[in-house]
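Here come two complexes built around chain A, the first alongside chain B, the second alongside chain C.
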Partner chain A sequence: MSSDHKTSPLDRRRFLGAAGLAGAGLAAASLPLRAQEAKPDPLITEVQDWNRYLGEGVDKRPYGTPSPFEKHIVRRDVSWLTASPDSSVNFTPLHELDGIITPSGLCFERHHGGIAEIDPANHRLMIHGLVDKPLVFTMEDIRRMPRQNHVHFLECAANSGMEWRGAQLNGCQFTHGMVHNVMYTGVPLRLLLAEAGLKPTAKWLMLEGADSSGMNRSLPVEKALDDVLIAFAMNGEALRPEQGYPLRAVVPGWEGNIWVKWLRRIEAGDKSWQAREETSKYTDLLADGRSRRYTFIMDAKSVVTNPSPQAPLKHKGRNVLSGLAWSGRGTIKRVDVTLDGGKNWQAARIDGPVLEKSLTRFYVDFDWAGQELLIQSRAMDSTGYVQPTKDELRKVRGVNSIYHNNGIQTWQVRPNGETENVEIA
Partner chain B sequence: MSSDHKTSPLDRRRFLGAAGLAGAGLAAASLPLRAQEAKPDPLITEVQDWNRYLGEGVDKRPYGTPSPFEKHIVRRDVSWLTASPDSSVNFTPLHELDGIITPSGLCFERHHGGIAEIDPANHRLMIHGLVDKPLVFTMEDIRRMPRQNHVHFLECAANSGMEWRGAQLNGCQFTHGMVHNVMYTGVPLRLLLAEAGLKPTAKWLMLEGADSSGMNRSLPVEKALDDVLIAFAMNGEALRPEQGYPLRAVVPGWEGNIWVKWLRRIEAGDKSWQAREETSKYTDLLADGRSRRYTFIMDAKSVVTNPSPQAPLKHKGRNVLSGLAWSGRGTIKRVDVTLDGGKNWQAARIDGPVLEKSLTRFYVDFDWAGQELLIQSRAMDSTGYVQPTKDELRKVRGVNSIYHNNGIQTWQVRPNGETENVEIA
Partner chain C sequence: MSRSLKPVLFAGLAGLAILGAGPLIARTAKPAKTLTSAPAATATASKPVPLGLGRLALPAEIKAWDIDVRPDGVGLPPGKGTVRQGDELFQAQCASCHGEFGQGNGRWPVLAGGQGTLKADRPEKTIGSFWPDLSTVYDYIHRAMPFGNARSLSADDTYALTAYLLFLNDIVKDEDFELSDKNFTSVKLPNAGAFYDDDRETSEKAFWGKEPCITNCKPEVKITGRAAVLDVTPDSKSAPKVD
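Then we have the complex of A and B:
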């Protein structure tokens, strides 16, 4: 691939061709070779310390941690931006990650009253309201019910929120880092509701957390009976404390705020609760002063994670462009990438599992001659929906809201490799 | 399901029926309900401390860790069994995990000279021998090549090794815990070899680690050109130090010992290297004194992780039986489970992604009346291969070897719920 390919974004033949290469795992076999030829290199010819001395044994880390050489790879908090760190947010370092699983230790956090520290032996989930039989579940009760495993993205409705008014934050960790993607294990909510017996008049559920903010949201019964999980595990182990240990709602494809953490209560009612988090917050304020409410679904979105402002290009010649795409309405069918600000587009190589309402990884293996690049990615999901430009979104929604910005992101790579968050007309 | 179902393990109709239920997520809708009815419970009616006080903010853990209530969930090392902890092993706590992703901090470790601590800036991979152009790659060189993402199990050839001579170890962590399953990101080895240009006479590669043991193994070129990855990431982030940071071989479906960690050198040759780890070790000593060598592939295997000796049954009535199945030859097609020592079998409910050469999760949602159980699971893979009994294996291989025991495991659950590792004729 090179930046002067005249490729229509809708050139179906080329799309299939790229997919075929990816299937054969040979996508870049024709790239020029850049690896350094063998020559005397003390790192090769001389015995190094790690070759000479015994390393740490198997008894030192019953629970393992990353290499000390990775200690800069962390969630970045912005509690300096908020009134307190207890009701604040930190960000997933997307530019340092690969594949589609977010390591649990690097999943962004957002709390409204700090992390509740709960002994699972003392945790209860109550289901009541418009039900035949109110029920209280212990964690052991829940663990004895049929469970399922699903990989899903969780995106905060405010992800990319500061970008509504133009390029603001210099790094995909900050523009797009309020998203993560893990494998959850939990009990389908419909099974819990079946035990309690939802009355026919029940149309909405109220989900409430056991944290100090008592975070609560209204969930339509239709979604609850569809694919919502009450999860106790993520990436194979118990939920992390900041992700709602010991129990959280998993609401696939919907904004993160409704994935109530430290879940202690589900009340069935005949209308929504008008909770603080769905009236004063998590509504989309339009230009005319009206608000869109209950805009639950996170539409198709994508971002190039490498190169990006925190991960500039360091080498001419061969390079890997990498990114993530996701949709709250299904699977990702295609991602198009441009390197020249939209003059030419090509289908990216999607690699790894393509799962329902999950992050999906894409790549473009390309050669860089040192020219300026204007990089964008544009996702298309299984419903045929195509990710819009920011300007297209602004025309419809104005710039008052901080929520639900799924507009196309632009990175400018300069000849020296430095990369910046920009907007182009 | 109940233990007196008269179900043939090959009853295709029943198998499809169970799969259909799993798809609908309704596998246990007909089970008796056991959740406790709502009644005054101070944990519900009174405000708890975690409701009353602000919790920890987003600024405290740039890299997150499990809840303090989970601190007993760790890898168990057996360095008391070996000459030193530097050449020893610890075990994945399979009975505490769910889904198919093993958290990186709980992936078992096996080293032959301790964990090499390597600065990635000083790491090199050399490819030489029967190649047109010997090459040295830096980590940055490798990260600029086309990469792929795959979830694969890694199983030590010696997993379940002590069980050859009868039930020895009381817990699936110890009998089966030398296996883990993560998503790897890496460059197909065939792309690296294409750069160096393998000569037609090259039939074997020698892979060598940069650790103090200089661990090395011979790999047939045919496998190297098939699906081997040179991986730098696992579960989205850099490899963990004990898993070969910054670079390891991923050899899907093959015994763990050949997944060389801290990979520094690949030499192409015309025959195998007769390395220590493929002559004195990692061969299967038969009853007549001959050894099977280069027995790379890990055949289909399964184990029930719950209940198991470390995770006894605690409640009568509704329960979840859970387990893992895997095959080095493809995907898992079916898992049969018996609760009565083989009189009756039923198809387990497989849940979550079913991926190539990956752990696969299965469940049986069952009611327990308090009777003794003799639990076994039996995996069938996409080649039609069925996991054998231990006795079937012993007839063919004798009991001298400690490697490649994929025999069916039996747990005995007593009326008080305690569970033990047993063998039945």
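Then we have the complex of A and C:
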């Protein structure tokens, strides 16, 4: 180790020289001036404040926040989308994030009656209906049950819904940002149901929130017994209030609306309830005037987050294309990327964990000479599903189904690096 | 809140003590003992062994929270209300957002009209044109409206408002029509038959199992739409809503 350290400066100098020559043809514009002409960098030649003075001590940041230089990285809303911010949505800044875990404070929000602020000591979960024993649980009870940890994406059924009729919002935060991916800690719903003793006649469960919208949705029993978690933690700490503190449903792979937050009641019944959020909303109107219902699963989808309209290309030469893929039906098996509008594709490099019903990170490391790019990504999942184009979806569904738009996204990168949301044919 | 619930909690425990069933031991006053005697290994078994956590829900508690109503009328409370009574309530409590006739002010939801528009380029999805079940109208109003003052309407109020919404949607024509738990399920909404279960795995079968093209997939590509051209202004009323 120490001998490596001694020889490394020389090696590094040799390596840099070689790399500079090799890259000169392509990336000349962005290379620095030759050493003898350049002015020394004062950030190096002058002693900086942070190098001289004491910084804040360990008693100053009991709960840390991001650097002030990152303060532009925030959830954003689009005020014209809804009549009231209390029943509305904001968007995760996907173009500023990497890896697969969404920081809790940046997870998009979707409320129907604002954020319920609940003291966990005052929260109750009731299970009743077609059960042997109707039960009430406190948070203390739930924290005494065997728990599990799972990473899953939560995607709003309406993610990309504004794009059904064409390219509309300029940024992946707005076109694709109704998604987040965190590690949940909670109790399998089947354990809670076993406590109450589900009767064989129970086919559906109604999940209901404690908030002012009284959010209620019908969940088929098979899914409840499969992989649904009743979660009290995300990313290692308690749920954030806007994500359902102290208790929410985690329904892997299924549309976000059914992940009922501030969960307070589960009723077992023999039929679905046909609540507002599964009749008026979260049904998909097709061109023939009829509508699909119970479209629970979120199909395979992907988006290139960098470059994108909010994250243009700044450098010629070496660049990193980065994106996310996910599927509600299983794992991501492959992601293809095109830089020329679909004439030619290459398999992207998937890096990091590839988990069931979770965001998956992909990259393409590429050289850019300043030509126009038409970038798309195409996800394939473990069931053999291939992410369709928007036109393929429109052929089956028309343009008025609002939800479940998983069509391939196109970004146009212009020679100056500016990037725009476009549609191509 | 928690203080007032304490007597209820003890009542629940007492009830369980009388039942005296084996797995209920954990609900006695000494949970620590039960924890050591209950093997954690059973947690992941396919047929979970009850853990003995939680307590019986009391009838009064279930009654207080169990407000949902199903299409077959299960859950409807006794009560009644007329179109006229509903009109009065609607003007006082609902019209400021939804408009006097349910036409919707600004971007607030439209509740009436739009029948026959579901195949149109811009469908108008209302209770009358789109909703399949009247029970949803009752259930949703009773649990979530008025926006910002939920759970404030009585059963009779909710029947009356539901009757008025039927009137606004031309589903009942008589202002003296009275909706009640007795005649509720006889009312059918126009779009009831137009919903079918998710069929993507058959109707979109073509999206599965294909080996997509990799090289020389098309001769030319042209841009057909641009977000910057559409440039949706933040106060646009024609822009699509998040439903």
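Here, the second predicted complex is superposed on the first by the 384 of 425 C-alpha atoms of A that agree within 3 Å, B and C clash if a C-alpha of one lies under 4 Å from a C-alpha of the other, contacts with A are read in each partner's own complex, and residues count from 1 in each chain.
Heads up, the rule we're going with is that a contact is a pair of C-beta atoms (placed from the backbone, for glycine too) under 8 Å apart; a residue touches a chain by one contact, two chains touch by 3 or more.
It should be emphasised that the depicted structure is a prediction, and the values quoted were computed from it without experimental measurement.
In the superposed pair of complexes, A:V74 makes contact with chain B only, with no contact to chain C.
Applying the stated contact rule after C-alpha superposition, one finds that A:L106 touches chain B and leaves chain C untouched. Look at A:T295: by the touch rule set out above, it reaches chain C but stays clear of chain B. Of the two partner chains, chain C is the only one that A:K343 touches; chain B does not reach it. In the superposed pair of complexes, A:M126 makes contact with chain B and with chain C alike.
In the superposed model, A:P134 lies in contact with both chain B and chain C. Applying the stated contact rule after C-alpha superposition, one finds that A:K199 touches neither chain B nor chain C. Contact with chain C, but none with chain B, is seen for A:G166 once the two complexes are overlaid on the shared chain.
Applying the stated touch rule to the two superposed structures, the overlap between the chain B and chain C interfaces on chain A comprises residues 79, 84, 86, 88-89, 113, 122, 126, 128, 133-137, 141, 144-146, 190-191, 194-195, 212, 214. Against chain C, the residues of chain A that register as touching in their complex are 78-84, 86-89, 112-113, 121-122, 126-128, 133-137, 141-142, 144-146, 158, 161-162, 164-170, 190-191, 194-197, 206, 208, 212-214, 216, 264-265, 267, 269, 271, 273-276, 279-283, 285, 287-297, 299, 309, 336, 340-346, 374, 378, 380, 383-388, 392, 396, 400, 402-403, 412, 420-425. Chain C makes touch with chain A in their complex at residues 1-2, 12, 31, 35, 40, 43-44, 47-57, 61-62, 65-72, 74, 97, 106-109, 118-119, 123, 125, 127, 130-133, 135-136, 139-140, 143-144, 147-148, 150-151, 194-200, 203-204, 206-210, 212-219, 221-228, 230, 232-237, 239-243.
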